[in-house]
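Take a look at the structures listed below.
What follows is a pair of complexes built around chain A, which joins chain B in one and chain C in the other.
Up next, the complex of A and B:
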């Protein structure tokens, strides 16, 4: 295990490189890439690695980047790409195709505001476009988490019981460009961690057609199989966490990360780096005697509803922070989890850090004092963080 | 051409294509050229995607993947990369209509050609969006009525082969399904060659052309005879060879137009088309370096 100073973009790319090399005795590695701020450095790093039995195709659009990944994966290779914002939006059609074809492609997304108007700063709305498309979605909060989650994503995606794409999100610039120490395992350990890619429905010599027409009842069955496989993913992920810890000697973050939540009355719920800030706020407020805790949702699809409901049990006030907005309803995380709270609990949505606003401890402290004063939930509320 | 083809069919019985479909003929002829070579097919959204029938049966006799409309050359690049990395001789063939080639798929096609991916790209050009019920494409010829150009299309057909030649790919050719020997030579060359190969096939569409299904190949023959559909090949974007010599018959051209009801409304005649055909051939003669037409080399 070595420690390297890496940005999250480079951490994701290095993780993908190690995974790529780990499949050198299998069908190899194929990736299609196209640059977009702030994920560009991920593809640049990947393009500069030597990968035995690997090819990174520099294509003309994100749509084709995922197209190449689909072809590579359909031929049985390991596959990865990275994108952001409008690049992801342009890629959406093929992300859906990859999911429906059950191809275990891993992608790293540097969350950025969708435009125009152009804004390069962090907003989770890009990844959330694909909330319901059949891709597993993680949201990370540190460079180490990005590295570990990308590595584990290959194992999860390619696991026979799962067999679908996995998207790993990091907030643009906040993580993508900030450099931090990252523990990097040696190739030999990665080889042990990742079995050779085995995609049972890949194109080989027996004639069969991937992605052909279906009747309604067949689509119904395929969608439900996919849904069922997604629901099983958290269990598989826990198995992977056990292996990760044994092999690498440190913990892989779970699907959700509760922090001082057990005896809390008030809970701050979020995804991504706001959760780390929330933990610092929790520590400060605890010093002052407040019973506050934090819950960070890392695995957003499939949503670990039982685990979240277990943390919510007994909580009187739940503040849900969203660095995104489902226009016409409210925060996407909030709308998905508000029904999991105890009846009568105040579940208040705070839209904060939209368009990349810098959510600092004082903003979260303000949110906690706002919810503490509330007797009932209100409409989603904009909490400017500028 | 007389020997019986014993290799497995690429396109099997029970498919849903209309009678007289040029794509069906293309795939039957491709089977001979492919022979025992392992092949993977990539088909974007088009009639070809429908032709396979519904899951889990498939009329395609080789492993096939359906891609999104604009993505076939990108998906094929992924497949070809894995084949190359593994020393696998499988040939990757894209079968796309004119929409997936000239229009929505054009950027992807251009990029894959520029990268010189090891792909054979076959465009069966029926000059219409057949799968959505017959709308114009940039391959639709001037004067043809489609379901969204009711008075006949005003603009000229895009010269896709010239565009592909400008990519300096190893091999590009137009194909006449009515000239089987020439077609076989081109298919065989295109299957065997490495790098990006592009075949442009005039693919009769009785449904869209409002023509008799049994007359498809005859229409192609008339288009070739009259000079409307030049049959030639381009090596490395620079060496041009005309492979079927037309006699530039106005009678053939008038017959070609009158046998398709799509040209009825605009009243297109041989006299209307002749000047453009002559200009096209002047340029082709200059490029092929032959004033006197000659036989194809090799």
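Up next, the complex of A and C:
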């Protein structure tokens, strides 16, 4: 195990590189890439790696980048790509194809505001475009989490019971360009962690087609299979966490990360880096006697409903922070989890850090004092963070 | 290393680096993180990225702690501040920094220069730019100083240089270590000298959390993106190479573009500002404008000379004459191009001008020295009558001697002397006085008056336009063979290239690298002994001067014509007069007597003479000393600045040339010029906006608007991307620095 100073973009790329090399005795590695701020560093790093039995193809658009991944994966190779914002939006059609074709492609997304008007800074709205598309979605909060999650994503995606794309999100710049120490396992350990890619429905020497026309009932069956496989993914992920810890000697962050939540009556719920800041705020407020805790949702699809509900049990106040907005309703995380709280609990949505606003501990402390004063839930509110 | 040894390290530490885009501020923060990372601390670093471009103010951050860092925010309360560019030292740079914080500044100034300005801080200065430049880090224009300044940072913290090595190696920057060592050795620092409260402006806290959580419509609805830029485009109109090259000072690009727009009146008006002889110059000018034309590097220079001829020949433009209250009386001595140009400018300005010409007609060498097949007499007459129509009086066959000059100066408000060159140069060899040796100019003048008949072989000596004219005239006079002897290479011949080509086509044999060394007269004929020449060492002008070899050959000629140029050897100054910088003085008294054209050291072309005459006219009206008026200092647009891909390939419209079957007695004009002005559409309009809208259409922000025949860039919203500059086909725009 070595420690390297890496940006989260580079951590994702290095993780994908190690996974790619781990498949050298199998069907190799294929990646299609196209640059877009702020994920460009990731594909640049990947392009500079020597990968035995691997090919990184620089194409003319994100749509084609995912096309290359689909082709490689359909042929049985391990596959990875990285994108961001409107690049992801352009890739969406093929992301849906990858999901419906049940191809275990891993992608890293540096979350950036969708334009126009153009804004290059962090907002989770891009990844959430694909909330319901049949991809597994993680949201990370640190460089180490990005490295570990990308590595584990290959294992999860390629697991026979799951077999679908996994998207690993990091907030643009705030995380993608943040440089911090990352523990990097040696190749041999990665080889042990990741079995050779085995995609049972890959295109082999016997010609067949993938994704041809189907009848309503076939679609019903496919959707149900896909849905069931997704629902099983958290269980599979927990198995992977056990193997990860045994092999690498440290923990892989869970699907959700509660922090001093057990005896809390007020809970701050979030996805991404705001959750780490929230943990620091929790420590500070605890010192002042407040019973505050934090819950970070890392696995957003499939949403670990039962696990979240278990943390919510007994909580009087739940502040849900969203660095995104489902226009016409409210925060996307809030809208998915608000029903999991105890009846009568105050569940208040705070939309903050939209478009890359700098959410500081002061903002989160202000949110805690706001919800503490509340007697009932209100409409989602926007909180400007500058 | 024990952490306690690190000087002034108060954990958790927050570092803020201020630099400009391209200076390496983000890498600087990364290096700081690497430095502490290898000492076992938890670190974090990131840049505050925006849409700014190179040169814009940029911030980068680093955090250091013993515990894992749980904060993903920008740094608002820096314990260490590194400022990579002194120009960024505004009132906000110290925002959030508490007394005692470290401030490391890149500056050539010593600590004392800053007085007590930073007294509350641990203040250190270093000339990192000089050190980095000395070590060749970055480019000449953008010196990258991040690795250098870190050497100073290590010294201030009391860290040994060895800790830098690993951090630099990790980012592949090991070659910058010597610069860091130099910085380590030279940084100057002082401890805080006061702890009294600092002015509030220096301690601005992080932006406040909004007092209400309800969202108000208080977002700025417009974002002045112009604040992000450090450069703005400017429509600068740099000189076009043709204008820059024209000795007459013609607005070449102006008149060609006017033709291109179909405004022949405008074209004539522009041309007649500086050019009284467009029909003449449109035929005989060596056209330095065409040599300089940027289109030559693409698909052939624009045929400017013939466009000028077209204007001169077809214009009906009435040249306006100013009506002034107190006209001056000016005498112009010499009716050649320089004198005509001076008289023209003075008459246009409303003054009373009299030209004194020694010959029987106006025009000087234009009338006598340029053959009719190149410059028909009626063409010269057209230009002359336009000039005389301004009310200029002429005294023909009136040579001016020394005494006359003194009288003229006394009787007039000013005198322009433009008498041209003096006598023709000779070879200075034995036998030169032979009966069949003659000066070419005398020959041309005589033939122009009355064609004569030659036979046998004619040898012309020289390489200029007079030599070519002599050779072609000799053919038309019936010479059987015409040989042109020139002492340098063919490409060194000063004559107009097209004229040389025409001469060759007509049958003139060129003998380069030959020089007559003796002439032996044999009754009607003469033997010319020619020495072979070799290119010798370069002279002051850079041309290699020819050196005679021992190899000789003999030609027998019926006529030998000398066209070796003329000397400026006039002796016209009355006693007590002298000339300084083109102006006459009587003792120390400056006289309103100016020299113009070849007699003022001209270069022997019509166009130079015209420019010189105009300047003399200006000098007389302003009584300035120098004839040479300030030339545009800006560099002309170079071919590399033109976006060739914006233009379609279109070869030049060639002149219509007549090739007579028989030459004897045929003095008809051989070049009929262009039929239409279509050639004007080939002009790139270098540096001169044509309102083509390329900038407007390529502006990603849509902040360029056309108003009143000009473009205006909205500085509130221009992000300084430079797209308009990159896309402008004709280099009419440049980026200019904004003041911070």
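One rule holds in what follows: the second predicted complex is superposed on the first by the 385 of 386 C-alpha atoms of A that agree within 3 Å, B and C clash if a C-alpha of one lies under 4 Å from a C-alpha of the other, contacts with A are read in each partner's own complex, and residues count from 1 in each chain.
Criterion: a residue touches a chain if its C-beta (ideal position, glycine included) is under 8 Å from a C-beta of that chain, and two chains touch if they have at least 3 such contacts.
Everything numeric in this text was worked out from a predicted model, so none of it was measured.
J.: Looking at the overlay, does A:53 come into contact with chain B only (first), chain C only (second), both, or neither?
T.: Touch partner of A:53: chain B, not chain C.
J.: Given the touch rule stated above, what does A:92 touch, chain B (first), chain C (second), both, or neither?
T.: Neither partner.
J.: Once the shared chain is lined up, is A:129 touching chain B (first), chain C (second), both, or neither of them?
T.: A:129: touches no partner chain.
J.: For the overlaid complexes, name the partner, chain B or chain C, with more touching residues on chain A.
T.: B
J.: State whether A:72 touches chain B only (first), chain C only (second), both chains, or neither.
T.: first
J.: Could you give the residue numbers on chain A that contact chain B in one complex and chain C in the other?
T.: No residue of chain A touches both chain B and chain C.
J.: Can you name the residues of chain A that touch chain C in the complex?
T.: Listed in rising order, the residues of chain A that touch chain C are 3-5, 38, 118, 120, 171, 173-175, 177-181, 273-274, 276-277, 279-280, 350, 358-363, 366-367, 370, 381-384, 386.
J.: Which part of chain A faces chain B closely enough to touch in the complex?
T.: 27-28, 30, 32, 53-55, 57-61, 63-77, 79, 93-94, 97, 101, 203-215, 218
J.: Can you tell me which positions in chain B touch chain A when the two form their complex?
T.: Residue list for chain B touching chain A: 8, 38, 40, 42, 49-50, 52-56, 58, 60-68, 70-71, 73-86, 107-108, 110-111, 115.
J.: Can you list the residues on chain C that touch chain A in the complex?
T.: 30, 33-34, 37, 42-47, 49-51, 69-74, 76, 170, 206-207, 209-210, 213-215, 218-219
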